[in-house]
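Could you have a look at this structure, given as structure tokens, before my questions?
Lettered A, B and C in written order, each chain numbered from 1.
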Amino acid sequence: MEGLDRKLGVFSALPIFIVLAITFLAPLFVVAAFSIMPAKVFSLANVPDFSAYATFLQQGYWKSLAWSLGMAFASTLLLFIVCWPLAYGMAKVFGKFTLVVTIAVVVSLFVSENIRLFGWVLTLMKGGLIAGYLEAWFGVEMESPLYTVPIIVFGLVYVYFPFMLFPLAQGIAMVPDDARQAAADLGASRWRILWEIDLPLAAPGIVVGSLLSFVLAAGALAESKLLGGQAVIVFADEIETAFTYGQNWPLGSALSMVLILIVGSLAIVGVSKIDLDAIMGRKR
Amino acid sequence: METGRTTRIVLYAYGVLAICFLYLPLVSVGFASVSQARYLSFPIRRYTIEWYGEALDSHTVSSLLTTSFTIAVIVTVISLVVGFFGALAFARYQWRYRNLFQKFILLPIFFPQAVLGLALLIWFNSVGIIPSWKTAIVAHLVWISPITTLIIAIRAYAFDASLEEAARDMGASTWTVLKEVTFPLLLPGVVAAGLFAFLLSWGNFPLSLFTTGVDSTLPEWLYAKMVSGYSPLVPTLGMLSVLASLAILFAAFLVLILAKSFKQARGTE
Amino acid sequence: MAAEPVLRLKNIVKKFGAFVALHGINLDIRDGEFLTIVGPSGSGKTTLIRLLVGMDSPSEGEIWLNNSRIDKVPANKRPTCMVFQSLALFPHRTVGQNIEFPLKIRGVGAAERTARARELLELLRLPPHYQEKRITECSGGEKQRVALARALAFDPEILFFDEPLSALDYRLRKTLEKELKDLHARTGKTFVYITHSLEEAMVMSDRIAIMREGKLEQLADADGIYTRPVSRFVAEFMGEVNLFDVEGTAQGGLHGRGVEVHVNGQMEDIGISLGQGERGTLMVRPEFVRILESSGTSDFIVRGILRAEYALGSRIQYEVEAADGSRLSVEKLREDRYQGAIGDELVLGWDLDSTHLIRED
């Protein structure tokens, strides 16, 4: 049976491997190749140089990168704090209500993120849902929080909420109840249990949720464009400009490569930390 | 160690609050879509549904809807086929590179979609393909086919491998086993994955943004309008897109219930 | 050993909604004893231990530990602790860290903790280098010992056990039963042990409490439970037993279906007698039943046909069908095995002093 399994495994893996080779690996190779082309060429048939990377260092693009990474870090931290109680509830307390929360969160993912972000613009803008009703009902005037850095972080927290919530809930679900009970029985307080038992044993979920949120937030574009106005230029925005408005593919590729290297190495760390068989409930 | 009553109440309240937080922006969009004023401001004074009429009459809108719909259907079909087999390789068969394969499938989900979209754009251009709605299909697959694989894999994990072995033991060929045992058992996972694939493709924005060329999907068009200035059609079309998603979810739910009662009716015969 | 109760349960009731899991349990646990609470699943023993440990609180009644009432005190504030059925060792910690855990919670310094952990490893006969070993690398028996060491590190007033041996294989279980009994003797602590296996209880305990449907059915030492059960339930729970419905006769004797009674008079002296018309159950364990010559005589006699023979290792069990169709079992040591064949007509007999009368209300 083992020989058959081996053959079937390779054959079944083939179709999706081909799809991902075309849609994922090939584009990454092309971007890598373009990143070492001289400025403003549109073909790979040129003598390679590293001028695009030099431009990245010289022209202050690193500032955008720092903003993107900084906001990604802040939003990941906030997401962890915001999601932990809910994930804990879903894993250990809610019972049937867990399904309600899960469905509600998943369905929200089916709505375009730009429509949802636009909804926040309508909610938070001057004369928007909150400010408008506050003034109409209580006569309170409110400054709109839009077009600032904190609101971009807020948008990132909002959009990537499910990407932190589900891995965390999965991680907490893997903390055995008896270990928590035994710790309590041996005299540990609630905070002590959180620190000594919950956090270390839920670590795989914490790592995956945090990496996923961080990586996606670091490459996010729509949050800063829609909610942040021109408050800061995020790195993905610079990449887009280089490719489209600037018509400088090698520069865009070099910028992409910088992000891909950061994100990719984190993603590989994250992915290699996951024991998929354990998380997805292997029965054998 | 029971969770205290107060803690439970607080956690439930927090859960409800979180759901409200997720859907609050859609409430705003909903209100905005029925406001008569050309320049939106709350509280809304006059309500109208004329924007919906205008949206549905517009040629632009119908072509946007057709493009989004066609892309979503094709993406669903392809991602289901590769996802079905991918899931078997992922969860069911013991083969040499299974571990590596699992991680490889996961990797695209860990990549920012906007960056992937741009990379795909360069890739298409460099091999001389002019981006259109067809290239958007390819773009959507990078993110959606791993997701269908994972969803079907969850089902494949739960399934007892000895069932296949029993069928083979009774003389069934590999193909027959697949058709008679594996596929029917994985069907619920396939249905769920199909629903996810369609809805995620329908609503996808960051992958479409750079890969549709002169064509445009609904979320993309909305984005263009949002960035360039307010139009009363934006909330209306946003709502239409959300309603379409809900309608599909609802239809899927109905089909599920009908199929169940049909099965039960047959079972009692 | 003083019979001073260390833990006193007063009329403990536990309800889950409309379901009553415990109907008024009264129990005194003596200082330093090894008490085992035995019952089939659903008898309420697990509910009871959760109350005793503090993972749940009773609906009614009081629990007193020495001179303080503890039924409302949560688990982490009670000076008792439990060895879990699953052992509940922390998988992310080493053996040493697991043992040190209760000391760390109490704020004991690192050097003292390590020293104490080493002592406990020695007490449990584990080599000192196990301190650094990962829990996941330990065998079943080693995990058991680590869990015990961790509980002892807590230095509890009472140590509770929730069926910790049930997942182990037979031989290891037998070894650990004896080790536990030995550990109890060496530490002098009060052990309260829960199990569904009366056999396990018999080996280790000073006293056994039998639970049934949320009530305490009988509390006695192993001998008492085995030879003088208060009910058919207890008698049957302990394994093979022969039971006969009997009724008191006008002459002060017994009349039973399927059993001939050949004694008179002395029955009253050892408590085996019933008033006229009073009903009871006569009990004899299979190993006390003899296979007689056809003319032999005994205080009680049953005639029947040998239907089956089962080898139980050191003993042989015979199944005999009596004239009225009921089945009896008889056990003989291997060296005393019956030499005949299946289908033989047998006369079975036993004496008054190996007989017990169960009176149930």
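Here, a residue touches a chain if its C-beta (ideal position, glycine included) is under 8 Å from a C-beta of that chain, and two chains touch if they have at least 3 such contacts.
What you see is a predicted model, and the numbers here were worked out from it, not measured in a lab.
With respect to subunit B, maximal separation of chain centres occurs for C (centres as means of Cα atoms).
Two chains share more touching C-beta pairs than any other pair, namely A-B. Distance from the subunit A centre to the subunit B centre is 18 Å, each centre being the mean of its Cα atoms. One simple way to say how far apart two chains are is to compare their mean CA positions; for subunit A and subunit C this gives 57 Å.
Note: centroid distance subunit B to subunit C, computed from Cα atoms, is 58 Å.
Shared interface positions of subunit A, defined as residues touching 2 or more other chains, are 181, 184. Shared interface positions of subunit B, defined as residues touching 2 or more other chains, are 1.
Across the assembly, subunit C contributes residues 55, 74-75 that each touch 2 or more other chains. Of all residues in subunit A, those touching subunit C in their complex are 176, 178-179, 181-189, 192, 196-197, 200-201. By the touch criterion stated above, subunit C contacts subunit A in their complex at residues 53-55, 74-77, 81-82, 84-86, 88-92, 101-102, 105-106, 150-151, 154.
Those residues of subunit A whose C-beta lies close enough to touch subunit B in the complex are 1-2, 4-20, 22-24, 26-28, 30-31, 34, 42-44, 85-86, 88-90, 92-94, 97, 100-101, 104-105, 107-123, 127-129, 131-133, 136, 158, 161, 180-181, 184, 211-212, 215-216, 218-222, 225-226, 236, 239-240, 243-244, 249, 252-253, 256, 259-260, 263-264, 266-268, 270-272, 274, 276-277, 280-284. Contacts from subunit B toward subunit A in the complex involve residues 1, 3, 7-8, 11-12, 14-15, 18-19, 21-29, 31-32, 40-43, 78, 81-83, 85-86, 88-91, 93-98, 101-116, 118-123, 125-126, 138-139, 141-142, 145-146, 149-150, 153-154, 157-158, 160-161, 165, 174, 199-200, 202-206, 209-210, 218-219, 222-223, 226-227, 234-235, 238, 241-242, 245, 249.
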